[in-house]
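Given below, in the form of structure tokens, are the structures.
Each of the two complexes below includes chain A, the first together with chain B, the second together with chain C.
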Partner chain A sequence: MKPMKLAALLTVIATGGLLLYATSDLPDWGDPLSPANAGDLSTHYIQDSRDDTEVPNLVTAVLADYRGYDTMFETVVIFVAGLGILSILGQGKRVEPLAEPVASEGNRERDMITITTCRLVVPIIQIFALYVIAHGHYSPGGGFQGGVMLGASFILIALTSGLPDALKRMSQERAIFLAGLGVLIYAGTGLLCMALGRNFLDYEILHKVLGGTGVKARYDSMLIVEIGVAFTVMAIMFIIYAVLSSKGRMRGGL
Partner chain B sequence: MIWSFDIIILIFLVITAVIALTVKDLLASSMVLGIYSFLICILWAEMGAVDVAFTEAAVGAGVSTVIMIATVFQTARKSKD
Partner chain C sequence: MVEQFPIIIIIAPLFGAILIALLGFRFQSLCLPAVVGSLAISLAAAVGAFLKVLEQGTVLYNLSGWERVTTPRGLFSVSIEYRIDAISGLVLMVIAAVGLLNAIYSKVSVTTETPNKVPHYYILYLLLVAGLAGMTITNDAFNLYVLLEISSLTSYALIAIGSRRAVLASFNYVIMGTIGASFYLLGVGYLYIKTGTLNMTDIHSSLATIPKDSASIQVALILILIGLWIKMAFFPLHGWLPNAYAYSPTATGTLMGPLVTKVMIYIMIRMMLSVFGTEYVFDHLQWTNIVVGLSVVAIVAGSLFALSRSDLRKMLTYLIVAEVGYMVGGAWLANSMGMTGAIYHILSDAMMTFTLFMVIGIVITRTGETQLTAFQGLFRKMPITMVGFTIAALSMIGLPPTCGFFSKYYLVRGGIEAGQWAYVSALLFSSLINAVIFFRLIEMAYFHGGKAYGEEITDKDHEHHRSRGKDLDAEPDGTLEKVPCSMLAPMLIAAASLLAIGILNRPIAGWINAALETLNLAQGG
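Let's turn to the complex of A and B:
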């Protein structure tokens, strides 16, 4: 064994041993008295989130309202990751999607059974994704999951009917526009709160725009920012797949 | 939390992780990583973290596996070490 590999193995074993040793300090699973469950902040979330926001799903309330900054910059991270992959691997110049696949580029026989099955499945995936986004207040899900599923439906089209077919529905320009629009929706909601005299992403004041009470405004604003997240995630997931599967040429594909 | 269920999943997690690291074919490795993500997703769903499980199923087992396979197709299929 080479000395470098031996050193790496020893380091990994030592780190793993330390981590295993540290787990003995962690609280038991589901311990109601652990700091994460009994702290002031968690108690506030658990007891008051229903009154603050009317959202039954505590996770959504924390994600989109109390910790709105986190989620906004997660969206920005995805946006920047997509732009980074595009600027490193992409061709830079504007590439027109081809109507028909070029003979030399990925023009193998497409199977009719898979194409037909995916044509049937894609609308169902998209409807379910919209349900996941819209129903995030009540059930697990939200902008990230729904956006990934929407992006996956376009990836499925690209896998079965070929990348040009998917790019006809979601071109590179349109995807970048949607990704930017999503971040704009999220940040714009925050800036609107500032314009109305509150802190960034303090949704309560938005009742002046959306109508209803302050609590209802928080409820509605969460849906708005989730839609923004979904736009960005959907577009960036598809862009990443399109760029990676075609070496940035945006044609041919797998 | 069901202990026997957890332990079975954790054993499979270790097995899939070792397979993903040792197998030479990177396509197989990406697929095994997809299985790994799905096992973790089951574990989280069973522990009650359904939101996280949902994200893991959509991102980890779904899209990232496809993206990794797309990358393998456009780069090298065989691992050198």
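Let's turn to the complex of A and C:
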């Protein structure tokens, strides 16, 4: 093993040296005039994104509009991650969620206080998640963050009331359906733009459907695609938890 | 409609995958038609886009509808752009065609090898094709990374969905692939810090204003190259490939073997030509000798490894490693002949390995053996399959009129022009090794094994064949009808395409050359 370790050490040193060498002519830390800060592209985003899209949070404007196509495929990445885990670890066959806990988990006490508290907390988490999704236009937030919170609320149910209970609310089939639906909402918005005669994801033309001006249509469409992202992220977060915690058997769980 | 062809190539498989995700779990019979249908649309759009490129030159398509913005320094892109020229048009057609043919070919194997996970499999399959096509078509360095993620994640799952050994092979690939992708992303990060843009054309024009000896640009190129070399299994970074492809389900190996490494080579060429520019890569850096030297090692080592394997699929995976060396070396010869050869070889090697993977898949399913000896006497038992095999074998060796001959011709000429004699001899050496490997198989298939009519079949033979688990000899004169048409037809089409690409070598090389010239003109500045 020793020569391998030595080789690894040398590789790490070489890579580190390479990275140090690269820093020699990088712009200064926080330099306001560096290309990434003051280049044509950033200047355009900073100055014109408000007029282009009416969205005050320019991160959202870049994420969901200018580079909305990347974000669509990031949603697909999430979808693929969940589906990949399911296809490697999962049983594949349809597994009926058990109405009664199986024997192995019967000896596990379900604590009334935690269950009741979570019943109270879960709706609040979900409402806050919706707020985060909807408020992405104005503050940090959006579909990814809100979707994670929604997923977390289901995971909380699984942690307190047991996985079968959570699977009754969100079965494996339903989760995959919702994840696919999320991608469909996003990609379908793009397809609708094409059907109306523009390029893929050119939201401007959607004013024909949504009403208002072209700029307003961009603003509204961003919310639609964020909702799509949220669906996918929520469902996939839960699937990943359910598959990993039950080693793919989708029962028992932690 | 014509304007939308570029995006249709990518979103047709995407929507096919969505359709399966929504309905395929309930109605499994929907899966295969959705896959075949969406890939057929994708292929049609790729052909349409390519014809348009021939007609009017490079096609640009901006997503999200943002036109390029004008500044005193020229136009720049604020969103993501697609760009098809003759080169990417050809690669896109190959990707869509291989995806489509393989979907038909693997109709049976998917349901037998992953019986419980057919919808899972097909969703991942479609998204892998979409990811590969998206990487080829995009003109945006970061969008390329996003699609690289998609194609990597799907391929990890498509490999591991099979046997238990495949899970370990896939895990190796996850580690290596993630390192490769991270290196690429890091390189793109440096480019962004230095140029403030992610659009490849814009990066290139900004790089012209940056001093050539900039350390960070150089490191960016090194990082991107190493990242892509890991992804394309360039020797000695090939460790993940043989097991991953050999232990994966049949349909995965047949899809990934021909496509993944080739797309990575295309991306390397793309980075060299349209991001960094030939002037920087070849004239300023002068790395030709180093990289071509590495490729010589890759060719020789890959060929020798292939020669030493007795497992059919393993042998084929090492041949891929050798062929990667051909293309990397050709691209780095720093002349247009070598570059043409490398790009032409992307097409021909994709189709050659595709045909071979399909033939070997048929042989393995019919004989139940995975070793070279499975070929014994196959000419009599499976004549049609062997016709396809012979064409592919001749192409691998490099005999006219197959495409393998012409790609080697361009590569060798490029090597001679560049004075890279080691590279030229490595190509010839590898052709010799290929000749040994494939003539051995052809000889086995033609002369050994199966008994002729009237010859007494001993009990021992019976025993032997029974132990194979299949009664191949039940019908000594052709067990054709036993190989489903859905497997034979795609294999024969692919084999025919080897001849077609070979015969059409002049126009194809002409298109590639014209595209290279526009790139060089755009670059020369």
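Everything that follows uses one rule, which is that the second predicted complex is superposed on the first by the 247 of 254 C-alpha atoms of A that agree within 3 Å, B and C clash if a C-alpha of one lies under 4 Å from a C-alpha of the other, contacts with A are read in each partner's own complex, and residues count from 1 in each chain.
We take it that a contact is a pair of C-beta atoms (placed from the backbone, for glycine too) under 8 Å apart; a residue touches a chain by one contact, two chains touch by 3 or more.
Keep in mind it's a predicted model, so treat the numbers as computed, not measured.
Contacts of A:L192 after superposition on the shared chain: neither chain B nor chain C is touched. Legend: residue contacts after superposition of the two complexes on their common chain; A:M222 is shown touching neither chain B nor chain C. By the document's definition of touching, of the two partners only chain C reaches A:Y45; chain B does not. Within the superposed three-chain model, A:S87 lies in touch with chain C and out of touch with chain B [touch as defined at top].
When the shared chain is aligned, chain B comes close enough to touch A:L159, but chain C does not. Of the two partner chains placed around the shared chain by superposition, chain B is the only one that A:F144 touches, whereas chain C remains out of contact.
In the superposition on chain A, A:L167 makes contact with neither chain B nor chain C.
Ranked by how many residues of chain A each touches, chain B and chain C are led by C.
Applying the stated contact rule after C-alpha superposition, one finds that A:T23 touches chain C and leaves chain B untouched.
Looking at the shared chain after the overlay, A:Y241 reaches chain B, while chain C stays out of its contact range. Common to the chain B-facing and chain C-facing surfaces of chain A is no residue whatsoever. By the touch criterion given at the top, residues 1, 47, 50-51, 53-55, 58-59, 62-63, 66-67, 70-71, 73-74 of chain B touch chain A in their complex.
Across the complex, chain C is touched by residues 18-19, 21-27, 34-42, 44-45, 65-70, 73-74, 76-77, 79-81, 83-84, 86-88, 90-93, 173, 176-177, 179-181, 183-184, 187, 190-191, 193-194, 198-205 of chain A. Within the complex formed with chain A, the residues of chain C that make contact are 3-4, 7, 11, 14-15, 18, 21-22, 25-26, 61-66, 69, 71, 73, 76, 78-80, 114-117, 120-121, 123-124, 127, 134, 142-143, 146-147, 149-150, 153-154, 156-157, 160-161, 167, 170, 190, 192-197, 202, 206, 214-216, 218-220, 222-223. Across the complex, chain B is touched by residues 29-30, 57, 59-60, 132, 140-142, 144-145, 148-149, 151-152, 155, 159, 237, 240-241, 244-247, 254 of chain A.
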